[in-house]
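In the two complexes that follow, chain A is the common piece, with chain B as its partner first and chain C second.
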Partner chain A sequence: MEIRPILSALLRSKTAPLLVAIQVALTLAGLVNALYIVDLRLAASARASGVADEASVFHITTSPVTKPSHEQAMAQRQRDLEVLRALPGVAAASWTNQMPVARSGTTSSYSIDRKQQRPSLLMGTYFAPPGLIDTLGLRLVEGRDFQPGDVLEIDESKDHPDGTFPTTAILSRRAAEALYPGTSALGKPVYLGTGASAPEMRVIGVVETLQTPFAQAGAEGEHSILIPLSVAGQYPRIAVRADRGQRDRAMADAEAALRKMSLAPRVVILRSTEQDRTGRYRNERTLAWMLVAVSGLLLLVTGSGIVGMTMLRISQRRKQIGVRRALGARRIDIVRHFVVENVLVSTAGIAFGLVLGLVLNRLLVTHLQLSPLPPYYLVGGALALWALGILAVSGPAWRAAGIPPATATRSV
Partner chain B sequence: MLRYYLLLGVRNLVRSPLLTGLMVLTLAVGVAASISTLTILHVMSGDPIPHKSDRLLVPLVDNGPVRNYVPGTQPDDRQLSYRDAANLRRSGQGMRRTAIYDVAGAIEPERPDLPVDQAAGLAVDADFFAMFEVPFLRGAPWTAAEDASRARVVVLGKSRAEKTFGAQDALGKTLRMFGQDFRVVGVLDTWRPVPRYPRLQNGSGGALAGEDGIYIPFATATDLEIPNTASTSCDQDAAPKAGYAGFLDSECTWIQFWFEIASSSDRAALHQHLTRYAAEQRRLGRLPRDAPVQLFDVMEWLRYMNVVSNDARLATWLAFGFLVLCLVNTTGLLLAKFSSRAPEVGVRRALGATRGAIIRQFLAEAAVVGLAGGLVGLLLSLGALALIAQQARQLSMVARMDWVMLGTTFLIALATSLLAGLLPTWRAAQVTPALQLKSQ
Partner chain C sequence: MLRMHNLSKVYRTQMIETHALRGFDIDVREGEFVTVTGPSGSGKTTFLNIAGLLETFDGGEFTLDGVDVRGMRDAARSRLRNEKLGFIFQGFNLIPDLDLFDNVDVPLRYRGFGAAERRERIEAALADVGLASRKRHYPAELSGGQQQRVAIARALAGSPRLLLADEPTGNLDSQMARSVMELLEDINARGTTILMVTHDPELAIRAQRNVHIVDGQVSDVLRHPASLVEGGGRTATSLQ
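Moving on, here comes the complex of A and B:
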């Protein structure tokens, strides 16, 4: 195939092909970065929370109208648990202070030595009785769950001697690795805060995954600790796992039952972990959805730009096409001319677009904390734009090849 | 002449509807993408109270422990402890001042069989309403005397009043909350500042969405030992003593504080006073970090609190990149359109039209495309904003167009189309009349 005549025809009128090349470059740069962000956001929103079967789990927050005494609050919680466990369709129920991906909860700093200047790690802090691990369906990979003897009940309205705190703790695997890299954390100490009076706990177990209520991006979203501390708390919360497929009915039954047996008037709010997940990742999904729409428009606009440009060049060269056809060129030769021309232009645009895409990515990395673009995005984007160019050009080119030599050369 | 050119432009564009449609649509899509993202950014970063935003000031006293402090870094939390808030309330500095924290509780129903309704809002000082120019529908703020006597009074937000009392007048009615009877002394008109700058770290929807239903006196709230329902940050070294009194006495930070000064020139004096205050507290054994006291006005505070998310910035960047692409595309299409009109230019030039006249004619035609693109783009961006508001509740308050953005839409569309028309127009003006006339 002769590239030279096509190239020299191209160079005779440079403006239109240059515009197409710029469009291809801009599209490639925008497309790869946008799709990369989409992928990151969707991957983030699909991360496991640690809850084995999110479709079966929900939680109940109650807030009494008047502040009960510690004893009243504990009695209410115990009765709530008994009522919930007796409901048909409820597999397990445990008290806790917070739930993964529910977007509200407690974070505290922990260390591995009291003499440390700065704490080692911020962790989402779950107050957990024996059995919360089972209720949520967390996977215990080392050690054991809490036993009733581990639980410490504290009346927050009274003073306590320094260091009154549970002595055992269970870590998520990410947290265990961050505190004790390279070795097992089992049996090792963890301190709440730093300093001489920081309470000491021994790690008695490690669970595979447990996200914090905030499910932050990166490793910190999986830095969690479970502590067997029983307090009345501002908002007593109970986690419930329903039998498979029974969640909605169990939620309705649970709400009715709790309202009926309240010792004092109170607000009862139920939320499923699926609802929590939707709420937590709503913004991520919106952004991803917007970027997909923009990417689609990018391709559409560039495609239509190429079509328009090809049509312009065809109308400029009707006579030349007619002459070539009259001199024996086949239709496929004419089509090939325009396709090759477009591939040449696209290639120049793609080369420029790859550089532009990397520059844009670098800007996003420095200003908006994005991670660097993996190379296969650039390869995929380049291939997509080549395909788009060929697709967009072949329609008008095929029509141009149909120009009868007689009409095209009539005025010559 | 310009009117004639514009008319000519419309006629010429109508003559080739396909190409014109493509141009207008390309431009409209580009304008819609950039306008809808820019609107969100504009509302997020707008000044919520322009005429006095430089006279409303937030003080920040760093009371963190010295052990994990790197001098020059920002405090761990962006709120004050009760001790500092109480001292500043008493300080008499500024024209007005208010402490703020989040309260939530249940409104006890009149009959026990009715469902319990939850109310969330703020504990504030009486000055709050005048400082942030909160509009009242009925009644007025409570008085300073009621503040001092820890009166059980409440101001209701508009939707809260409607929800609890329906069509009845809420003024003077009683609400049972926090185990007490609260008398309604005022009902607010619709008041939804965006962002919610008085209390950005709230527990009722965040910086952009949500609404406060009840406002009770700060002194009453702490007297009734009502806990803060937004973020509270306690350092473990200084673990609070038991009970509410111990909590108030601790270095836990949980209170937002605002000063209003009479004129922006008083800011330096206030800053000096706060610096003296911090030094005095240090002598009393507090504030071990010895960090300078900071003061922020409204816009500085919004920046410090990172109200505009990276996602919003990212979307705007990408949208403008997309607009550039649409511009290049429109340039190409205009080039195609104008280059087919070379014979017409030849005739006009031969009949005595100057290059300038040709340029004016073709730019007018590009402007017509721009105006049409702006109109279609406006409709598209209204649709896009409605979709965004529906998708992300967080953005529902900011996805709204105002007059500034409406004007910007047409400005962007017009500028884009004129920019896109430059090259094709210049090319058209280069046509040599002789050559064109000969070939006809």
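Moving on, here comes the complex of A and C:
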């Protein structure tokens, strides 16, 4: 291989190769970090919410035009549930206050000891009757579901003595592990807030996964607690699971039925969990596609830069190529010359790009809480840029190989 | 060494057909020093390009060192060129970004010699032309005569059977031209066949044979032209 003389020649006229090497370096650094962010975003948007079959689940939020009394609200909710459960294609329906990935709901601070100065964990707080676990298709991995006797109904318009709160709770596995690492949380206490008056609940069950309505990045997106607390709430919500393939029809039937039997005027909003997921991750997907587009553009610009540099070097060296051909170079030798030249330039750019990529990643780790870049991204990025370089240079190099050897004897 | 019989070469454009060579015959024997002269446009360069396998021809026969080159594929022509021929160009045609060592190395790498053999050949060739001590210099750091000596070293390093020189002294002053010519004569004396195109009548007559081309054909062949000039034959100026 004629690496040394090619390298020596490159070093003597280094402006164009240097610019291309810098372009390769910036592309590599940008590309690996952008694609890593894309991968993280897409992985985040693909995380399980805990709902077993999202394609079958939807929820209904009603908003009364005039605030009903507690009794009226409870009667309406009970009647809604009965009507919904009676609809063909509806497998289960339960009241709740919020839904996973729905981007609207309640989070509260919890502790495992009233004497704690600071709470242990912020958790998405689901108000849940017996059966919500079944309606959502959550997987109970420890303990039991709520029983009717666990449910505490509270009229929010009235005062209640301190400590009036349900005494049982079900945790998501991530929340249980965070509160009681290395041991089962079953039977252990969980307090709402801290201090002497913090209501105490005992953990009676653990579900495999239950994302919060906000599905935050990282483990906190799965820190959820279910509490058997029945309140009318400002926006009563009912979760519904349809039979497989019946969701859309069930949603239409449910909307029509609820509008028909409303005891008082109200706004009825239906959303499927799939719609919630799409809405929750719309920004992530938009960002991901933007980064993919920018990465593609970077590769295109770099590829064009390599083509341009090669074309320039070929046009400057037509005579030299003819001389090489006259001295015995085959066409493939000329192609190889330019490919080797490009690989050397790319390698310099890639080496610099790897360092730059790691520095950029370090900044992202520090400022955006991104995890460190896995080494295979750098390896993959380097290989991609080598391949791009060879691909970009091959066309001009073949054209250079077509320069006739007789060019050597021409005076111009 | 080189034999052409009834060779023809036509350049065609959409409008014009130019017969650069027609019915061209030449036979260069091993060890000869042959000069080729002729007016501009007579076909000298075309002849040299075909002799050097830089261009193909349209008709006739051409054998180089016993090899029939008709219909030979490009890669085979490159290989033959590399193994059997050495080129010296009017404009030296050294590669400016390579030092002298690497310039002489160019054809040897295409030949596939190992590093040790290449080094030995390069150093011997540069020593032959008196530039061994400047092997890490670049062409721009040398005079025209020195650059042409490097080109000669590059041509000789592969031990060619035939050295083709295209106006090798055309870009040199008379003193340098004489020195380069003496070097070529010395190389020829050591057994290398040389075919040299030149405009310079003084140099042309120093060869063992001068071939004069007019309108793409050999019009005149003089053996030992220098002695003929001295003996009252064709004068040097008439060679132009």
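One rule holds in what follows: the second predicted complex is superposed on the first by the 408 of 412 C-alpha atoms of A that agree within 3 Å, B and C clash if a C-alpha of one lies under 4 Å from a C-alpha of the other, contacts with A are read in each partner's own complex, and residues count from 1 in each chain.
Everything below uses one rule, namely that contacts are C-beta pairs under 8 Å (C-beta built on N, C-alpha and C of every residue); 3 or more make two chains touch, one makes a residue touch a chain.
Just so we're clear, the structure is a prediction, and the values are computed from it rather than from any experiment.
Novice: Where does A:P148 make contact in the superposed view: on chain B (first), on chain C (second), on both, or on neither?
Specialist: neither
Novice: Of the two partners chain B and chain C, indicate the one touching more residues belonging to chain A.
Specialist: B
Novice: When the two structures are overlaid on chain A, which partner does A:G218 contact: first (chain B), second (chain C), both, or neither?
Specialist: A:G218 sits against neither chain B nor chain C.
Novice: If we overlay the two complexes on their shared chain A, which of chain B and chain C does A:L327 touch? Say first, second, both or neither.
Specialist: Second partner only, chain C.
Novice: What is the contact status of A:P181 with respect to chain B (first) and chain C (second): first, second, both, or neither?
Specialist: After superposing on A, A:P181 lies clear of both chain B and chain C.
Novice: Of the partners chain B and chain C, which touch A:L297 in the superposed model: first, second, both, neither?
Specialist: first
Novice: For A:Q369, is the partner it touches chain B (first), chain C (second), both, or none of the two (neither)?
Specialist: A:Q369 contacts chain B only, not chain C.
Novice: I'd like to know which partner A:A406 touches here: chain B for first, chain C for second, both or neither.
Specialist: The second partner, chain C, only.
Novice: Once bound in the complex, which stretches of chain A touch chain B?
Specialist: 15-16, 19-20, 22-23, 26-27, 29-30, 33-34, 37, 63-67, 108-109, 117-119, 156-160, 192-195, 197-198, 234, 265-267, 282-283, 285-287, 289-291, 294, 297-298, 301-302, 304-305, 308-309, 311-312, 315-316, 360, 364, 367-369
Novice: Touching residues of chain B toward chain A in the complex: what are they?
Specialist: Residue positions touching the partner: 19, 22, 26, 29-30, 33, 67-68, 104-106, 108-109, 112, 116, 118, 178-179, 225, 227, 229, 235-237, 239, 241-243, 246, 309-311, 313-315, 318-319, 321-322, 324-326, 328-329, 331-333, 335-336, 339-340, 388, 391-395, 423, 427.
Novice: List the residues on chain C that touch chain A in their complex, please.
Specialist: So the residues of chain C in touch with chain A come to 45, 48-49, 52-55, 74-75, 78-79, 81-83, 87, 89-91, 93, 95, 97-99, 102, 105-107, 109-111, 138, 154, 158, 166.
Novice: Chain C touches which residues of chain A in the complex?
Specialist: 2, 4-5, 8-9, 12-13, 319-320, 323-333, 404-406, 408-409, 411
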